[in-house]
Amino acid sequence: MSAGLAIDAALALVLPVLAWAVVATPDLRKAIVLFMALGLVAALAWARLAAPDIALVEAAIGTGVTGALLMSCVPWAESLTPASRRARADLALAGALAVVACLGWAIRALPEAGPGLTPAVLGALEVSGVEHPVTAVLLNYRSYDTLLEIVVLVAAAIGIDAVLPDDDARRRLAPPARSLVGVLSHLLVPGAVLVAGFLVWKGAHAPGGAFQAGAVLAAGGILLLFARRLRPVPFAARALRGALLAGPLLFLGVAVAPLVRGGRLLELPVAWAGVLILAIETVLVVTIAIVLLMFFPARVLASSRAPAATVEDPP
Amino acid sequence: MTEPAWVAGVVVIPLVGALIAVLAGRRAAPIAVVTAVGAAVAAAALVRQIARDGVVEHAVGGWAAPLGIALRADGLSALFVAAVAVVGTAAIVYALAHPGTPHRFHAAWLLGWAGLAALAVSADAFNLYVALELLTLAGATLVALASEAAALRAALRYILLALAGSLAYLFGVVLLYAAHATLELSALGAAVTPGPVTAVAIAAMVAGLALKSALFPLHGWLPPAYAGAPAASAVVLAGLLGKASFLVLVRLWFEVVPPSLRPDAGLLLGVLGAAGALWGAVLALRQTRLRRLLAYSSVGQLGYLFLVFPLGTGPALAGAVYLVLAHAAAKAALFMAAGSIERACGSDELGALRGLAPRMPLTFLTIGLAGLTLMGLPPSGGFVAKWLLLGASLETGQWWWAIVLVVGGFLAAAYVFRVLRLAFLPAAGAAAIARAPRGAELPALALALVSLGLGLAAAPPLALLGAGP
Amino acid sequence: MSAWQLYALSGLAWFGVGMWGLFAHAHWVRKILAVNVAGSGLFLVLAALARRATTPAPDPVPHALVLTGIVVGISATALALSVARRLAEVEATARLDEDATHEPAAPPAGADARAGGDAAPPPAGGGAPP
Amino acid sequence: MTALELVAGALLCAGAAFFLAGTVGLLRFPDVYTRLHALTKADNLGLGLIVAGLALDAGSVAEALQLGIIWSLVMVSSSLSCQLVARAARRAGVAPWRRR
Amino acid sequence: MAELRAAVALFLVLTVLVGMIRVARGPSFADRMLVALLMGTTGVAVLVLLAASPGAGALRDVALVLSLLASVTVVAFARLAASGREPAAGPAPGHPDAPAPAPAAATVTVTATVTATAAATDATAAAGADAAAAPEPPP
């Protein structure tokens, strides 16, 4: 397996160098592209570390949402006055090196082989309602973490709406027009919807689940947003907020139901565990997709280039 | 019928309320009031249950500790949840009465409320990380509701430093999990053995939480955030959200940190706390704006809380927790008063306070009563807390902390009286001021009286903390 | 030097670079990018430590923790970028108000006229525009 | 090494060669537009060959079909991306290279 | 066969790293975006190669997702980030055949772009954004 170890060595060496390149380049545009590269090399590292779930989320959220989110920063980033205090690069360097040295010393001192919680997870797998251990941990053993995490997403949605309200930006959106991105969205968006459904269904017995599916659906939505086929998320519309909150409210309903009968919070009945998890995941996909789409409010799209009506031919 | 699981109810009720408040959009106010009442009832029931049964455990999802997440409510969490309920309800009433509050305040604050409740009752290290992140986002949104550049910059600095703190805390959790394959706090406490992994993990977690709770010298982000935020946001930020990281640190310190590590690390935290207490008070004296004065006062009061680490458990812990409760009520009342003053005369410059007392009697009565807790004068709750801390420092022979407490008390008296003196001077010109709405002044007075009541009726809460006289 | 230690130390270096970037730069967007980078580095360390498990498949619990961490990270990053964008808008409007007050004489034609026709700068005082 | 594996191996190597061509083109070509050709055409074909090589000894037909889907999606997105980047460069004023 | 797959995967990872030079040298933002394209295609290839080994079938789904979403960043680049004019347009200045640099008329200052978005004027702003962004044809 020397080639395998060589790949590991190459990836392990490149990651910190790429990270340093992302952080050190003064030009934001170069930093964004390097950040995308870092995301992809990280996906390969997750693949080598036998963590397909994380590779899937890294690919879905990294290339799908984070890239577009950072691109939306380019137009206004330069005009932002820097933080007041002058940057203390040397002090930060000394501090970072000290922190890394201590943490490295601790990691080296960790015992070589630890079984971790694998036996416990696999032991209780058949009553968890799903076959894939990571989904069992996410939506049954530690589902309280996932519930709070969905609330964190809703908190981000409220914050973005509070900071970048729609008010009049919605009127300044360019009207839909035939464009290259329109063609692209025609071809890719149906695929994205299919893959999202596939990922949710697959989550029960193989890597997949609500987050990956939500991110893929959101990426399809982003394509439609830029192709002017889809209007930006109208957070003011109650129906939209209802769709956004359906996921968390259903999750809370399932969580509270056992309390009424004297059971414990989020205690899924064994017979219904699989069905309940699938139902929660399916509704959560909508919530996650809506929140990820809210990262591109009307203001961001109003400043984007209107689709060119005609193809400019060079002189 | 068995007692309903109040330890879960305390978290679920604000969560449901927050989500429905988001759904309600502009008409979130009535939802917020109903949720506040429901959560207050749940908090009262939890306090009663803890007083009767002692510690209450709740394995979420029915899974035992290493696999599932354990909720645990003891005296500390019950009292903090009760404080969140009292100050939170008053904040919502104040927000309704204070016309300048944006309508999104209610949803953001209810999410923060749920985060605080989740944090108070959780006994799982990673779950605490997610609760802290929820508080970071809710707090940043509360600051960013004001659309001035200064508030937005403060919100950005708040998010970034909170994220850095959370990552440091998470690194400690990762190391502890890698070494002991469990995330449950008491199990970690039992399994932890002094060694490089434990030392570095604890150092990372303590540093992260110290940054998040604005311990000196990492307090730079706090004053602009509290001064820039809208009035109602500043109330809940200063009163409650600022204390969350300290509570996690206390739980970590007394449940996970091995006793052999506590003396020297405790000394470091004590020294930084003492420096913060004095530095905060000195800077508060030199501020020209009321809200920044109160923000630096918060940095100072937090310094006293950190004295619990060198002083150890028993009365010192009860004193620190009591100071958290008393300070929550008092500082929230002071920020409400500051908001009313700002509303009345357009700016919170101390100069504008001249001769204001006769025209805003209730507000300055509130400032006086709440000031008692800051100064630690009897009969306020602050006095009881500082008395316990003083007793502990003398008992354990570390008399120098007592000096810090006394000097700090004098400095606090200095900046409180500075405000009151200005208000009672004869007014230079009869500046026309808009009457602060009565509804905004009553919750402030109520909270000031609560901080006073904590001093008078100290026995039951202290019994709950297991340090009753 | 087994594979997991390789990745663990690589993730640690990545985390260190991110933390350095956060405190070394003065520009807001670069700080947000640096925090994101640091978070990813920490998750690589967590996944690498999970790979130590003696069982054939790595330990699933850290994988779930990393998934939760990535979603929390992207939420915080998106909020931070939105606040930064709003700050850029508020600062740009403030800068324009200064320009507008400095040459009130002949209304400059072209872009300034359109800029001059701006809505009034966001109302002062605590409330965000309703 | 059965004949099938030999062919598959050859396809993989050919694919790798095309990827190499794409990267060399990316570095050596004078301007954006020619580099785009190197990237979207050569790499695409390289991926096609690798997918073909893997499909030959794929475990099941479904696996081979999935590989085919992946390749067709990459073809769609890279051809249209090529257009988008070229037009964006054109608008940003990147002048095409001309031999003097 | 497994050894060959791993070798080709390693080779592709190396080509990606070599491709990074374009990010450093590439004069215009579009040049740097090329690396994102390179990333997408090569990433899918490496993932598909790694997926062929036993027990790693899930990586094919990662490749599927990556192939689907690779173009989202490029679309975002075209729509959002490409409006700024390039300072030194054209091939690398050092290249012998580099034409005289196009007139560096920075027509669109970033401040104007931001105020265009913040401006609450009606439809004119959309037209305004177009007028401001349309470049004059290079010589």
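The letters A, B, C, D and E name the chains in turn, as written, and every chain counts its residues from 1.
In this section, a residue touches a chain if its C-beta (ideal position, glycine included) is under 8 Å from a C-beta of that chain, and two chains touch if they have at least 3 such contacts.
Keep in mind that this is a model prediction, so the values were computed, not measured.
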Chain labels contacting chain D and also chain E: A
Most heavily contacting chain pair (counted by C-beta pairs in contact): A-C
Farthest chain (mean CA position) relative to chain C: D
Most distant chain from chain E by Cα centroid: B
Centre-of-Cα separation between chain C and chain A, whole angstrom: 14
Chain B and chain E: spacing of chain centres that average the CA atoms, whole Å: 47
Distance between chain centroids, defined by C-alpha means - chain A, chain B (Å): 32
Separation of mean Cα positions, chain D and chain B [Å, integer]: 58
Overlap residues in chain B, where contacts from two or more other chains coincide: 102, 104, 126, 130, 133, 137, 140-141, 144-145, 152-153, 156, 171, 178
Residues of chain A whose C-beta touches two or more other chains: 11, 48, 50, 53, 65, 72, 76, 79, 83, 99, 103, 107, 110, 114-117, 121, 142, 145, 149, 152, 155-156, 159, 162-163, 167-168, 181, 184, 188, 191, 299-300, 305
Chain D: positions in contact with at least two other chains: 73, 77, 80, 84, 87, 91
Touching residues on chain E, where the partner in the complex is chain D: 1, 4-5, 8, 11-12, 15-16, 18-19, 21-22, 28-31, 33-35, 37-38, 40-42, 44-45, 48-49, 52, 57, 60, 63-64, 67-68, 70-71, 74-75, 77-78, 82, 84-86, 89-92, 95-97, 99, 102, 133, 135, 138
Touch list for chain A against partner chain C, complex: 5, 8-9, 11-13, 15-16, 19-20, 22-24, 28, 31, 35, 38-39, 42, 45-46, 48-51, 53-54, 57-58, 61, 65-66, 69-70, 72-73, 76-77, 79-83, 85-89, 91-93, 95-97, 99-100, 103-104, 107-108, 110, 112-119, 121-122, 133-134, 136-138, 142, 145-146, 149, 152-153, 155-156, 159-160, 162-165, 167-168, 211, 288, 291-292, 295, 297, 299-300
Interface residues, chain A side, partner chain D - complex: 180-181, 183-184, 187-188, 191, 305, 308, 311-312, 314
In the complex, chain B residues that touch chain A: 1-2, 4-5, 8-9, 12, 15-16, 18-19, 22-23, 25, 58-63, 66-69, 71, 102, 104, 107-108, 111, 114, 118, 126-127, 130-131, 133-134, 137-138, 140-141, 144-145, 152-153, 156-157, 171, 175, 178-179, 181-182, 195-197, 199-201, 203-204
Complex interface listing, chain C residues touching chain A: 2-31, 33-34, 36-37, 40-41, 43-45, 47-55, 57-68, 70-72, 74-79, 81-89, 91-92, 119, 128-129
